[in-house]
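For clarity, chains are labelled A, B, C and D in written order, and residue numbers in each chain start from 1.
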C-alpha cells in the first residue's frame, strides 16, 4: 500500500473497509489460526460494549474472558449487560459467563483490554500487571505514570520501548506483564493530524483547540437529557487539563540517558503550548474539534501543503499491517461543510479521523476541523490497535 | 428454513444477516450471473439514495441507469447528489452519468425503481409503463388505481395477479410494462404484523393506531429543525387518510368475477374499521406505532397466542428466497421497553419490523408496539423485494 | 366571567394572563394582606423548583419554610439547590435556610406543598399530617388511599368533602391536618377535557390514549441523554397502570352511605374502560396525548358539539376565583397542526391545557390531541390550585 | 444606578427586569405619552416576529405599520404570519393590516425597523431612506457601507456621529432619513465583552473565537432537521468573514479629517487580528462562543482583573436610560459550567450577554465563554436600543 490517506471530494473517497478485510498473509502470525485469547475488563460498561463489538469479528483475537463487577459475575453476558449499542449483542459474547475482575480468571489471556471506570481501574489493572498479564487500558489512571506509555496507535508506537523498563521497575521484575494506556478521546482525535504535520513540517509551537464533544464520551448513564437537550455545556470536568498534558507526552519523544534508561521528554526540546476549551454538545457519537496551530518553521506551510501532508500520511500501524488500522488514517474532506459527526463518524468503522476546512488562521498559522469517533478510535479501537502493534513488534509473544 | 421470526429476549435474538448472505444456489436464476440491469428514478432524492445504497451490494441487480431532474442530467452521480447518508456513496454509483427520466435511457433495464416525488411521479411512471418497462414505485400516485397492486412484500404478493389485467387495459396492451406500488411508510410497519395475525386468527375488525414518525419520512429538506427540535407535531398532512385507506387494500383479498376479471375487495367481506393518529417526533429514522386491535373471533387470542403467531410467521418472500428479505420478518421483543428506533431500526438492515409490548387492551383486545425503518422496509426495501418477488414468480422474465 | 375557554384560530386567542393578574377584590380573604405562610417539602428537586418559581409571585402565599434532605439542611437555598430552570432563582427563596423535613420546622405554615420523591414521601407526609398540618402532595404514595382525595383542580374539587372523614379516621382525630394529592402528570392532561365532555354529554364508556411524554416528567437526573436522543422509549414504568386507575377515581363521584360515610365510586355506576400506551419522547416539557373516546350516549355528539363543550367549559376553580387558575382551562386550537409542546406549553403559564384536532374516530366516536405542561398543571400548579380551592371553600382557615 | 454588570455566583445575581420597568421620569420625552409610531419591515419573518414581540410592550414605541411581501399585503397580521414564537401573537399586532414595503405606507413612522431578508433589504431600505425615513436595519446589506454606522448599542453608539455625513452625501441631501445597521448575531455577542475589556485595558491585539450557533440564526425554514439533529455543522456560509470584518468596524474609532469629514478607522491604529471558526449546533436559541484574546498591554491583566472589568462595565445605553437596555449588560457567572444557552438565554429578556469561565489561555492571554441570545441582543433588541439611543441623543426628533 503506497498511501495511507486519500484526498477526497464529496464523492472521491472510497468507503473502504479496514485493513483486516484485505489479505492478511503477510502478517507474521505463526499459524494463522487467528486464536489469541483476550479478556475484557469492565465488559458491561459503555467502552466494554464497544470492545466486544469490535473484537467479535477480529481476525486474530478471540473473546475468552469477560470481567465485570461482582454483581454481574456468574451471569451470562447477555443477562448481565444493559446493552446500548445499535447493533445487537454479538453471538460470540452472548453466552459467556461474566467473571469477577481477578487475574486468575484471565490467566489464559495473552492480552487483557480494560474499559474499567477510573474509580476501580487503578487497583485492578495493577493487580493484573503484577500477575504478569499484558494490560491495554482505556482508563486514565496510569496515563501520567512516567513508565507507562500513553499511546495513540498512529502516532507514538515507539513509546512501547519504555516497557522493559516498566517491567524491571516492578518488584519482582515482570517478564510479560505491563500496562499500556491509550489517550483521552478528545486528545486522540486532535493529536493524529498534528503528528502528521510535525512529521512533515517540524515542531508545532502553539495549539488552540475548541472541542464539541459527544455525550457518549461521558459513559452511561452519563449526561442527563435535561442537561444537554437544546443546550451546550461549556465545561467537562478535567478534560482541558487532560488534553493540554497528554498532547505533550504523546507528541514528545523518548530520551535515553547514558545509563540506558528512558524517559518521556514531554515535547521539551521544542516547547509546545496547548490551550483547550472543551464543550459538550447534543451529539450521540463523534467529537468535533476546531484546531488552530502555529508552526516553529518560518514561513509556515500553506494550507495546500498541510492538506498534502495529511493526505500523504502513513504510519507504522499500517505498514506493519495492524488488522484494525484503517486504510486512511486521516481522511481529508474538500467539501466546505465537512466533516460532520452524523455523516462521518462511522466511516472506516470509526478507526480513522476526518479532517476538513484546512485554511489560514489570522492569528496563528493554520486552522482546520477534525472529527473522531470517540467510542472507536477515541477509545476501544486505540487499545486494540495498540495490542496489535505490540504483537507485530514482538512485545507480546503469542 | 423452518421459522421466519424469532422469539427474542434482551439477548436471545441473533443479529442475523439478510437472506442474501446465505447460499443462493437454490434460486432459480438461469445463469447465476447476478446481472439484471436496473434503473432508479429520482436517484438524487432521499429515497433514491436509499435505493442506491441497497442496490450497490445486491446479488442479482446491477445499477445500470440513474434518472433525475434535467438540472442533474449529464453530471456524474457524485457531482449531482447532495448525499445525506451515513455511509459514503457506493463506488458503483459514484461515476454513473445521471440521465433525464426518459424511458429511452432505461430501455435496457429489466426493472425500474421509482423514488420520484409525487408531483412528477404520475406522468413519468406512466410514460415508463407505456414504454413497456416494469416500474416498482415508492410514490403515492398510483396506489389507489384499481388495477395497480399496492404491495407490502411480506403481506400481499398475491396481488401481483392483477398485472395481466393492468397490461390488457392499456392501449395498446402491454406485454412487459406495468406499475407496482408499495405502501406508505407508516402503513407498511403496521400492516405486516396485522397480516400475520389475520393469517393466524382470522379477520381483524377494528384497528386504532397512533404513530410517532421519524423526520426522514418527510424527505429532504423536509422538516425544519425549528419545527421539530424539542417538539412533537401532532399532524402529518394526508397521512392518516393514507393509512386508513391503504390498510384495506393491502389486507383485503382479490375477488374474481365470472368473466375472470379481478378487483381488490378492500376487506369488504369483513369490514375493517381503521382509525389513525399520526405524529412527527424528533427521531431521524424509524417509525414507532402503538397499535390496538379487536378481532372478529370471540374469544380473541391471548397475548401469548399473539406472540406465538408473530414469532412463527413466515411469508412467501422468504420461502421463495427473495435475497433482500430478512430472516425474521417480525422480530418479537420480550424486554419491557423495546422496540426503540435508535436501537432497533438497523437490525437486519431495516428489512424486517420489530414488535414488542404485546399485552391486553382494556378497550379493544390486544395492543402492542411496532417499529419499522421508514427508509428501508418503509420505502426502498419494499420496492426491491417486490421486484425480487416478481422475478421469482415469473412475472418478469430476465 | 362568562366563559372559561376560548375558541381560537391561529391568531384568535388571547395570550391572557392568569386570573391573579385581574382584580382580586372579590376574594373572601379576610385582610387582603396576602400573607398565608406556606412550606415546600422536597424544595431542591425538580418539582420543588417549580413550586418555588410559582409561589414566588403568588398573591396570597408566602414562602416560609423549605425542606429537603439532611444533606441540604442548614444551607441557604441557593447553595443547596442545583437549579435547572430557565428563570433564575427567585429572590424570595435565594437566602432561605433549608430545613430538614420535620413538622416542627413547618408549624407556622398553613399549607405544606410536597414535591418529595415517592421513596420518602410516604413517611414524611404521614408525619406532617399527624402533626396537624395540611399537606398538598404531588407524590403518588397516597393517591390510592380510600380516604385521600386525588384532585385535579378543574375536575373534582368536590372530593375535598372526604377530608373530615380522613381526619376522623386518624388516631387521635385531627382538626386541621390532612393529605390531598394531585394526579400523575399524564392523567391530569387527559382528564380535564374528559371531565368537560362528561359534564356536557354524560358518561364516557371507553378511552384509548397514547401519550408522548416529556423527559422532565422523570425528574432529575432522570432520563439519560444516551437513552432518549434521536429515540422514542415506548414504556414508562407504572405509568399506564396509574393512568388507567387514577382516571376512574378522579372522574368518578363520591357515594354516601346511610351512616353518612363517604367513598369514591370509581366511576362504577357507568363503568369506564381505559387503555393507555405511554411513551417517552425527546421533548423537554409538555406531554402530548392522542385520545379516542366512546360515549355512552347514542348517537354520540359530533366533533362540532365536542368543540363547543370544550370552549364553553368553566369550573369551580374559576368561579370561586382561584388566583392560579387560568382564564381558559381548555384552550381549543383550530389550526390543523396544534397543539405542539414547544409552542403551547407555556401559554397561561402552563396552568391550562390545549386541545386540538377534534375529529371523528373510525373506531370509537371522537378523537383529539391534548397538550399539558407536565411540570405546571401536571404537577406543582395542580397542588397550588388545590390549596387555593381548599382555602376558598373554607377547608383551611387562614 | 452605579453598576451595569454584576458578579454572580450560582445564586448571587438578580433576575432583574429591564430598565424600562423602572421609573422613566428622567427621560427627556417631551410629553411622556409614550407614543412614537414605529414600523416593521419584514414583519412576518423570524426577526420580524421578534421585533413585534419586543415592541408590543415598549414604553415609547407604538406599532403603527407592518410591512411584508405583496403576498401578505392586505391581510391581517394574524392571517399573514406563520407565527413560530413560544408566546402567542401580541394583541396589538394581531389585527393590523399588513402593508407592502413602500415608504408611503410608513410615512407616519418616526422609526422604521427592518427585519428584511438580504435579497430584498438593499433596495427597500434605500427607498425608505430616500423618502427621509429613519431605518434601523438588522440586514447585512449596508453594514460595509463607509457612511453607514454598524452599531452594537452597548459598544459604539458614538458612530451615530457619521449620520449627518450620510445624509449630506445623499442626493438630494436628507434631513431625517438615514440607515443604521446592527451587527451579525455572532459578532454582537463577542464584541460586547471585548469592548468592556478594551475600555479597561487598552487595545486587544489578537482574538480567536470558535462559535456554537443556534439554528434560529438561520431563519425559517432555515436548517433542515435532517442536517442538524445529532450533528454539528462546522461551517456557516460567510459567517467567519462577517465576524472578522465587523469586529474591526465596531471596535475601531471614527477618525476626523481636516475638512471635518469622518471615517471609520477599522481599528487601524492598533491592528487587531481576528480568527473565527463558526459552527452550527442543535440548539434552538442562543449562540455560545469560546473566546481567546491577547492584549497589547504587557503584562496582560489577570483573569481576576478581567472579571472585575466585566462586572464593572457600564455603557451609554444605560446611563442615558434606554428602556430596552438591561440592568446588567454583561452578567458574569462564577459557576464552572455556565453560561449555557438553555438556562441563560432568556435572562433579562435576552438583552444582555452572559460571560463565564474566565481563565488564562496557554497560547494567548485570557480565554472565556460568552453566550448571547441571537434573536434578542443578536438581532431585534440591538436595533431597538439603537433607535432608543438615537432618540435620547437627539438624532431623531420625536
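One rule holds in what follows: a contact is a pair of C-beta atoms (placed from the backbone, for glycine too) under 8 Å apart; a residue touches a chain by one contact, two chains touch by 3 or more.
The model shown is predicted, which means the values in this text are computed figures rather than measured ones.
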Just grab the chain with the largest centre-to-centre distance to chain D, centres being mean Cα coordinates. B
Taking contacts as defined above, which has more of them, B-C or B-D? B-C
If you average the CA atoms of chain A and of chain B, how far apart do the two points sit, in angstrom? 41
Counting in whole Å, what is the centre-to-centre distance of chain B and chain D, each centre being its mean C-alpha position? 51
Averaging only over C-alpha atoms, locate the centres of chain B and chain C and give their separation in whole Å. 44
Mind pulling the residue numbers of chain B that touch at least two other chains? 84, 229-230, 282, 284, 342-343
Chain D contact footprint on chain A (complex, rising order): 206-208, 210, 212, 229-235, 237, 244, 273-275, 277, 279, 281-284, 288, 290, 292, 336-343, 356-357, 361-364, 367, 369
Seen from chain C, its contact residues with chain A in the complex are 84, 215-216, 220-230, 282, 284
Listed in rising order, chain D residues that touch chain C in their complex are 9-15, 76-79, 81, 83-91, 94, 229-230, 342-343, 345-347
